[in-house]
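We call the chains A, B, C and D, going by the order they appear; numbering starts again at 1 in every chain.
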Amino acid sequence: MAKKKKRFIAVIGGGECSAQEAELAEAVGRELARRGVILVCGGLGGVMEAACKGASSEGGVTIGILPGDNYRAANPHVQIPIVTGMGYARNIAVVKSAQAVIAIGGNYGTLSEISHALQSNIPVIGLNTWSLSRNGRPDNSIIPAQNPAEAVNKALT
Amino acid sequence: MAKKKKRFIAVIGGGECSAQEAELAEAVGRELARRGVILVCGGLGGVMEAACKGASSEGGVTIGILPGDNYRAANPHVQIPIVTGMGYARNIAVVKSAQAVIAIGGNYGTLSEISHALQSNIPVIGLNTWSLSRNGRPDNSIIPAQNPAEAVNKALT
Amino acid sequence: MAKKKKRFIAVIGGGECSAQEAELAEAVGRELARRGVILVCGGLGGVMEAACKGASSEGGVTIGILPGDNYRAANPHVQIPIVTGMGYARNIAVVKSAQAVIAIGGNYGTLSEISHALQSNIPVIGLNTWSLSRNGRPDNSIIPAQNPAEAVNKALT
Amino acid sequence: MAKKKKRFIAVIGGGECSAQEAELAEAVGRELARRGVILVCGGLGGVMEAACKGASSEGGVTIGILPGDNYRAANPHVQIPIVTGMGYARNIAVVKSAQAVIAIGGNYGTLSEISHALQSNIPVIGLNTWSLSRNGRPDNSIIPAQNPAEAVNKALT
């Protein structure tokens, strides 16, 4: 009998975030866990922590790929800390380890993750996040979602 | 009630290996899983694959931190592939993500992992692996083990 | 007598580019060299090659920080190839090694470099490149320039 | 007329070092510069600084590939600081950017560089540095040199 393929989705966003972004992230985390999806993130606070909290509350698995040298920097809801010691270069591993990326809000670090994902042909779903235009023309590569459930649906298709 | 702390041990060694090394690695993997330890490795073949196979056979969790851009390069016993796209720089993440490292045989890539672990004060247990001397004097930082069970015991203390 | 501080400016853009972008890049390279600025780039073709060509033609110094394992991938106008073997993680070193960044056109790789630069508070000057908005509001962090001379002027102030 | 190919040699060793090691490193740096070779190193103190000092004193070019986020961490004799922000992963770029490596003394970081060089088939010349054996048998990949001039000679052939 075929083993069911596991799915990995990255949730990216600021290490500090608004209450509204945290709510979105937590809801995304819960929804991913309910669907049996493994959550990948950068392992720190803000959106990452809220998403891990949501996933953990539903019994999901959470992976945090950390920039520094110590697993203790991980938020308390990271179950599997990956310690890279490579600073922001870890952003690349966060997105490459996922089949799709959900971006919530976010600053330039999040934008770098969006860029690396798009460069690697990994779909990016956006909730209240960056939008792009190139040489004056809109680039619609970031797939917009209106709410956490829709973001997860789009990430899984 | 306190949540029991999870433990992560890295198993490192050649991407190709002898039958004897594969046996050692598989036994190490089995023993780690029996003790509830999560196995971290570089995710490819040889010693890495044998260790993952052993761990999986006992229901253990296996993480493979991959050098390339595609999770499909992971051996079939890797449950959690981390895709770094950073080549041998991933060696650093392999050892830094563990509380101790067990080295089995191995070539220069393994030696780089041993070096990075010792540099980060992560204990290294050796089974038929490298030994070092510095400026003519033996460096005994690699803790020798006679067999897989002893290696795991030493890694856990 | 005080040694005059050397200046490093990164020129970023697509590995393939339009003829117009190549012209802009070459002019930027020439202008940087005339001002005694050292050019840093990703070392490959397109905008990177045109910029290095321009700089070399005026006797400037060119550094190419390469993603792969072989210096031979550098374009012929790179004088100092840095070989990272780390794939797109090298994008971070390209921008961090500069005091300012000039972006010309570019795809998602360029956008990742813009992001990493802004995250590190390194000014980014744009010539026909990306523009950003965040959560619906324009982010004007990329400083627009109308032509190569203006781009270099702005990068040096 | 053919452009003469530039040569890059890496000098590796501890960020702190003995007076004798510093003397060796400075002599190696001087000799490299006299031969028109560009010096690559990790950009910090100890052996790296002494080698850069020697090279600079003879008008040579020095490149320092730094682990941190700030070029100011470079020793004062680094002319071209490359800022990686990637921690010890920069060790890989140090050796890969060279056609040969000269190791002087050194700790585990140096050993990791030796390992990465040997893994990439880049010759390593040793002055009072590590020696290796694998599974009980000596590994003679590190080419011994008795003095700085011999080290440079061997690195260039």
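One rule holds for everything that comes next: contacts are C-beta pairs under 8 Å (C-beta built on N, C-alpha and C of every residue); 3 or more make two chains touch, one makes a residue touch a chain.
Predicted, not measured: the structure shown is a model, and the values here were computed from it.
Across C-D and B-D, the chain pair carrying more C-beta contacts is B-D. Of all residue numbers used at the contact between chain A and chain D, over half are used by both chains, marking a mostly same-residue interface.
Of all chains, B has its CA centroid at the greatest distance from the CA centroid of chain C. Note: centroid distance chain B to chain D, computed from Cα atoms, is 29 Å. Centre to centre, using the average C-alpha position, chain A and chain D are separated by 40 Å.
Residues of chain A found to touch two or more other chains are 69, 85-89, 92. Within the complex formed with chain A, the residues of chain B that make contact are 6, 38, 63, 65, 69, 71, 79-86, 89, 92-93, 96-97, 120. The part of chain D that touches chain A in the complex is made up of residues 69, 85-89. Contact residues of chain A toward chain C in the complex are 86-89, 92, 105-109, 111-112, 114-116, 118-119, 128-136.
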